[in-house]
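For clarity, chains are labelled A, B, C, D and E in written order, and residue numbers in each chain start from 1.
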Amino acid sequence: MDNHKPSKDLFVPVETTETENEKISRPSLSFWQDSFIRLRKNVGAMIGLAVLIVLGLMAAFGPYMNDYGQYEQDLSRAKMPPKIEGLAWLGMDGTLSDVQSADTLEGAQTKALMRFNNQEEFITTEVLNDGSNGEQAEVRATYDVYAAKDMDENFWFGTDGLGRDQWSRTWMGTRVSLYIALLAAAIDMVIGVAYGGISAYYGGRVDNYMQRFIEILVGIPNLVLIILMILILEPGIMSITIALAISGWISMARIVRGQILKLKNQEFVLASRTLGAKDGRILQRHLIPNTLGLIIINTMFSIPSAIFFEAFLSFIGLGLPTPMASLGTLIDAGFDSLQIYPHILLFPAIIISLIMIAFNVLADGLRDAFDPKMRE
Amino acid sequence: MTRYIIQRLIYMVITMFLIATLTFFLMKFLPGTPLSAADKLSDEQQAVVLEKYGLNDPVPVQYFNYMVNLAQGDLGISFQFDNREVTTIIMERIGPSVQLGFQAMIIGTIIGMLLGLVSAIYHNGIMDYTSTFLAVLGQSIPSFVFAGLLQFYIGVKFGWLPVALWEGWEYTILPTISLAIFPIAIAARFMRTEMLEVMGSDYIVTARAKGVNKVGVVFKHGLRNALIPLITVLGPLAVGLMTGTLVIENIFAVPGIGEQFVKAINMNDFPIIMGTTLLIAFLFIFIILVIDLLYGVIDPRIRLAEGE
Amino acid sequence: MEKLLDVKNLHVSFDTYGGEVKAVRGVNFDVKKGETLAIVGESGSGKSVTTKALMHLIPKPPGRIKEGEILFEGRDLAKMNEKQMQKIRGKEISMIFQDPMTSLNPTMKVGNQIMEGLIKHQKMSKPQARKRVMELLELVGIPDAENRMKQYPHQFSGGMRQRVVVAIALACNPKLLIADEPTTALDVTIQAQILELMKDIQKKTDSATIFITHDLGVVANVADRVAVMYAGKIVEVGTVDDIFYNPQHPYTWGLLGSMPSLDSADEELFAIPGTPPDLMHPPKGDAFAARNKYAMKIDFEQEPPMFKVSDSHYAATWLLHEHAPKIEPPAAVKKRMEGMANSSSSSEGERV
Amino acid sequence: MSQEKLVEIKNLKQHFKTGRHSVVKAVDGLNFNIYKGETFGLVGESGCGKSTTGRTIIRLYDATDGEVIFDGENVHGKKSREDLKKFNREMQMIFQDPYASLNPRMKVEDIIAEGMDIHGLAKDGKARKAKVHELLETVGLNKEHANRYPHEFSGGQRQRIGIARALAVDPSFIIADEPISALDVSIQAQVVNLLKKLQEEKGLTYLFIAHDLSMVKYISDRIGVMYFGKMVELADADELYKHPIHPYTQSLLSAIPLPDPDYERSRERFTYDPTKHDTSEEPEFREVRPGHFVLCTTKEFEQYQREHGTGE
Amino acid sequence: GGSDDTSNSTDDADSEETTETEDTSGEEGEASGEQVLNITDSAEIPTMDASLATDAVAFQWLGSTTDGLYRLGENAQPEPGIAKDHEVSEDGLTWTFNLREDAVWSNGDPVTANDFVYAWQRAVNPDTGSEYGPYMMGGVIKNAQAVVDGEVPVEELGVKADGDYTLVVELEKPVPYFESLTTFGTFLPLNQAFVEEQGDQYALEADTLLSNGPFVLTEWNHGEGWTLEKNQDYWDAENVKLEQINVNVVKETSTAVNLYDTGEIDRTGLSAEFVDQYRTSDDFKVEEEPVLFYLKMNQENEVLGNVNARKAIQMVIDRQSMVDVILNNGSIPSVGHVPQNFTKHPETEEDFRELNGDLIETNVEQAQELWATAKEELGMDTVELGYLGGDSEVAMNMDAYIKDQLEQLEGLTVNVQSVPFKERLQRDENMEYDIQNSGWGPDYIDPNTFLNMFVTDGGNNKTGYSSEAYDGLIEKANTELAQEPVERFETFLEAEKILIQEDAVLAPLYQRAVAQLWKPYVKGVITQPMGPDYTYKYAYIEGK
């Protein structure tokens, strides 16, 4: 305890005014500002957001960053490996290499050259095992594709089987995938939220019937519905989107329903009712906004499903019409050459993973930001 | 309880009936006939063949016949596999799918839950970030890419496990792992969220105040309470996995129902589409019922009779 | 009497996005064997944090004990690690929480929840533990223990649940019982039963109790001594008579004045205006100054030290300083003070 | 205080179906009047049906049986939207939990103005704002608070916002359902003082529900004691405290701890045993002393009269 | 059978393979080691009922377990099966087959002429619901069409047993290729007693079917795979060396390749990507097939009704790059509508393709000119056409490529429509398409199987093409000239010129080949242009 003697003249009463008493010492922040501040302090979420913004920008502008169109074919430059000046150490040096083995060193050499059509001047070979120890001889051939094809310009992500520039296609695909993810999620949010909200809010018989309807909807396989959609609307983004919207919202409806069942007897809802608020107002102004956090999280779960669903449709040949590409179709197309031209798969796969991770981290951040428990 | 189950079973029958009806009529919109050589046959010849399957009757009559047969447990015969009973075909194919789905669910749930638990226990620690990252990764890599890599490296390169085919237990390992990735990711993420929520509740503090150690708190007190939302999402997912996943079945050459179903749709094999649809729908509704019953087991507060 | 617990200069903070919340800012108190210390104070004053800190139960992160000693039978709990604490919790010190509805695990049978501590600390076998559980349930007044222990919490009424919580806390005969608002969630009749039960048991087991509440009626009922907390500090401490019949701190006056007495007339209640200070940026000087009708200049500049009122009674307010003007406490409080049987100490205190 | 009846509650019943065959009789035949300008206190232990009574009166629930007559009109028979709207303006409610009763995602201004928006009471945005500011001042907050969100307020302040919301539509009758139970003692006084002040200024009538008898006693003119969905005793506040007749009331009173250690040391608690009642006939609500009604059988009535007499 | 399926993955179910066999097929080697062949198939066997079979998988395994009158041997030459030999009447309408007497069913019953009578009657009997019966026999065997149409009882079908071992077949018209037709699955015999005894259950499981061929289906795990074992009672058992064939259903090429690499299977097909990787391997084989892919153009479409427009489309596509880069499996550009190495001039032994030469060439400039003419004639500036594509992976690339190639034509926009397989068939049937990628494999070894498709109102025409001159030539070849092989062959040459060069009905794309890996120790497997893809009768393992 401090022991100094306080001076006498400090012991005079002071007037404390009412307004001062009621002053809130915290700065005034709106709910959203408040949430945003918390979000901003969440490093992961901000990184996620940044990644998404960058990907979005790349999707918007990436295809125009070089001179190749996404549909521009040239079979003479098919399956070119990626080459970026200065990134050779990352393996993006525009060469292909392969190890060939045979009983004799010459055999292996021949095979190694044959592997790349005997274009000897562009092939460097390296003996890994000369076969003298009784094992098979092994030779690695490295083929400078760009030199062989006399290509001056570089394909940053390489080219695909039709000689289309993977860079352009990847970003165009990102565009489509982002679009599919966002639009499908949006529709599913709208329908799911409305459905779940109404079902829970009116409860009783309405709820019972609406839930049975969901059961029926769940019971009919997606695929049957989607094929019908595709036949009615022709395959394409529209039918995929609608197909997604037909059943993609079910889990959202379930979750919103659960939440609203809890919320609808909260006192602030009752208060609104005693003021004579109509159902629509209560749903819109009170119930739905308070389900927001959950809605966001669940949307983040439906985004990967949407993207993969599109990829699955492509896998069974019901996806986007040729020659459009989404990340899903690109990955699917690259899958077959996984072992020999991994670059065709690699870049779309990295980007799809980035999108998912970014969305997930951001969603986690958003959930935390909206969680009242995170408030001090 | 029994009463409740009976009530639910009645609902189930009604729902199944509606699903059967809806699917039946939807199928009538599917283009084309089930004939495999439609382009080779004259219209008269086609009519003759269609007659055999009763496809020349008016749709309501077909519907009536189908329903009558269905009530007797007869799903009809397949179009693409001449004369083979749909029931037999589904029975043959469902086995591997269910086995894989089941194994994947078990592994997925256990590993996923452990990852989620680790995350929750070491909240915001390096373990948390690692396991969350793994979970998100599992969610973002398409399963077929993963399956392809597994097959190539584990099967071909290292030769540790069979590459594909369906000839014994060891053949199920790779497809099971590939299938399990997604449930692992989902389970881990849900577990983490729920566990964090639960760990903040009063009874956990009570338990800690008793001197129970962290592991005891998590397993004895936290787990069961965090389980409800988990089974809510995992239930339908389990049905999805057990009723076959075309992609994994194709890659590992598993004679499962997923591949069969897609082919049936492509081939307009109505009886198989119908049969499989009904089976999947049944499993879904059944799993929902099981989940509802499980709720009661896990959480004694939930009394079923008050469900409606 | 021997000191069972001696808390010295305890500081607890929470690191939040907004900054450091200094929830407990230098708390000193002690608890003697067999006595009941009540801690009162308004919501957010740090009562729970203080007691949870004793048992290392504050969530870490964001919480941490910044400094201070917690001497329990001479051992400093503040320096113990989680493992060591697990041996103390439930065995030597146990805790009862406010809400009986949420402080029991809904998915675990009541009997098992009580048994857990017994098996852990007393190394009892299951049948032994079961026997003890039945005794405990009978002790807290739950009949038909045999069947009841196999039930789940939701099958119990609120009052019975709180009895179970008490039984859990008592299971291992702790030396110190911390009850954090054990009756706030209950209605008066049940509250009365639980309070009686706790007093009863304390008499039987001779354990010490820290009783947290903001209901002064309850304090009057259970406490031997009272500590009044405000904004993370103890502002007045004394025997129950000291506090009720000779309160010195204006905050204590406010608390007492805001309770209507059954025979009070229609005069306005004395309400403490304003809101508690933001613990992220605690004010300079006396934290209560801004809400204090009797605030002096010094209150906004210097923190008051503890002034000794009597051997058992201390208060931290500049009003007790020799230079301070004589202040008439509010009417309601004065009435109490007048009615006090043996008021010996003057309203002027000495510094300690 | 006038003797003009503002609210008449006649044989009000509210039964909840909780299962196929089980019914909770939360409110089971209530009869009482609330006079204009008075505060009617309703006490009773948790779960006895106090909230249900309040909520049924304001039509949050449809009554199973009985009538609520407000200003001469039967509230529960009302059909037209317009009538209901009028009624919604006249009767308002303050809720128990200051945390749960404010929508965390609305600004204080919008919360308070919601009633005005619904009933179209404000001509334009300016008038709305002005009225909100006025209300904030009425309840002891200030203008700048209008732009904030509920989580920035303390419990007491929140409860005052709740009161401002109720006042926004200029009601004449307010049901306060445990408006202070969730608050800190020191804040309770703020709210109670405010309610009293408003009553004086605006001539409001209150139905004040609580289980803390000392506060109820302080604020109420008359008090009704409920037990298991039934009113067991009704009297003037002082009268009830001085002469509790029904054994349940006596036990309730004896259970209240008072902030007085000496008193507490000597307090004897009286436990209520519902089985000790006379079961020879259905008990009825009878006037044992002037204005003091007790639920009792004839036999008990005689006994009570003997014990408590008519006079002072 | 015909194949409309453009999904030309190498081990496609609908594929038919060429006469070209790999180098091991000719030599007689010594079988050594375990005589077990492990292979994969791309789909489950849909049926083992010869009357109901419609696809390559079914025909493959029917052919391996059952001998018909003849079976295709080396170089696609029919060799004796149950028939020892046959005589044809002067007018070419009556064929008399002499059956061997030592052939038995796997239940011990002898194989008799009645087994053929029963099987063929069953195939055309409307009650059976056979799809290929009416298709293969209608218009060929006397009264077959009438039986199908229910006009005469089945007994009237022009096939009779003359005693147990003589089969007499009457035809509607002379059919020069009838001998090769009898090797087709639909013409396989059935043991009447057994089939009738099994009823509905016939051929549903391994134990409800009979075999009289080199192998017996001993195990059949539907969807997963099946096992064949050598038939010890087979009349030619001494020439069968393989003891067992294990087949697994594998759909993914990459899976099959991985299985091959680990030695689980002895053969796998390769997709374009894998060809790059395995081209240098000793196991790498390319087999040409007589399967053609081409663009069908709907002449009911205003633009495609214009012959110059069609010619422009024919010319604008660079086929060489297409086969080299996209397919990369040995497929060759197609320049007509009869494949190369399929039929030879009866006298000069010159190949059909060689004789008729390239009926189209790629010439973008000329294509542009033709296109401009067409646009002028039509009075159009821009043209939009729908393109009904395939739905498999290769098809997607192919479709993208063709779209790109076609759009070189100024003012042309091509919209690719990917629809499910059945929907595609349906749209073809109803002629609801503009341009369509189609494929066709032979049903028998004769140019007719390709060329008669496009006669007016032909079941497979569906292009709206109708030309009296063309119809006349095909008609003539199948009637007047049926007995005149040389003139007949030359008539076909002329017809193809009209179809492709003059009328530009189709835009030929490529003739398919498959790239495969074969373990070097597998010998003696013969590949076939029609019917079963492979003949395993003479296969053996050497030096494993």
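Quick notes on this structure:
Everything below uses one rule, namely that a residue touches a chain if its C-beta (ideal position, glycine included) is under 8 Å from a C-beta of that chain, and two chains touch if they have at least 3 such contacts.
Note that the coordinates shown come from a computational prediction; the quantities given were computed from them, not determined experimentally.
Among the remaining chains, those touching subunit A and also subunit C are B, D. Distance from each chain's C-alpha mean to the overall C-alpha mean is smallest for B.
The chain pair with more C-beta contacts between its two chains, of B-E and A-B, is B-E. If each chain is reduced to the centroid of its CA atoms, subunit B and subunit C end up 54 Å from each other. Spacing of subunit A relative to subunit E, judged by their CA centroids, is 45 angstrom.
In subunit C, the positions touching at least two other chains are 273, 275.
Residues of subunit B found to touch two or more other chains are 30-31, 148, 152, 200, 265-266.
Residue positions 18, 22, 24, 26, 227, 231, 316, 332, 335, 338-339 of subunit A are each in touch with at least two other chains. In the complex of the two chains, the subunit C residues touching subunit B come out as 52, 55, 57, 59, 61, 82-83, 85-91, 94-95, 97, 99, 102-108, 116-117, 120-121, 152, 154-155, 165, 168-169, 171.
The touching residues of subunit B, counted against subunit C in their complex, run 124, 200-203, 205-214, 220-221, 224-225, 298-301. Of all residues in subunit B, those touching subunit A in their complex are 11, 14-16, 18-19, 22-23, 26-27, 29-31, 132-133, 136-137, 139-142, 144-145, 148-149, 152, 189, 193, 200, 232-233, 236, 246-247, 261-262, 265-266, 273, 276-277, 280-281, 284-285, 288, 308.
Subunit B meets subunit E in the complex at residues 30-33, 35-42, 44-45, 48-49, 51-53, 80-84, 89, 92-93, 96, 148, 151-152, 155-156, 159, 162-166, 250-253, 255-256, 259-260, 265-268. On the subunit A side of its complex with subunit B, the touching residues are 208, 212, 215-216, 218-221, 223-225, 227-228, 231, 251, 254, 304, 308, 311-312, 315-316, 328, 331-332, 335, 338-339, 345, 349, 352-353, 355-357, 360-361, 364, 367, 373.
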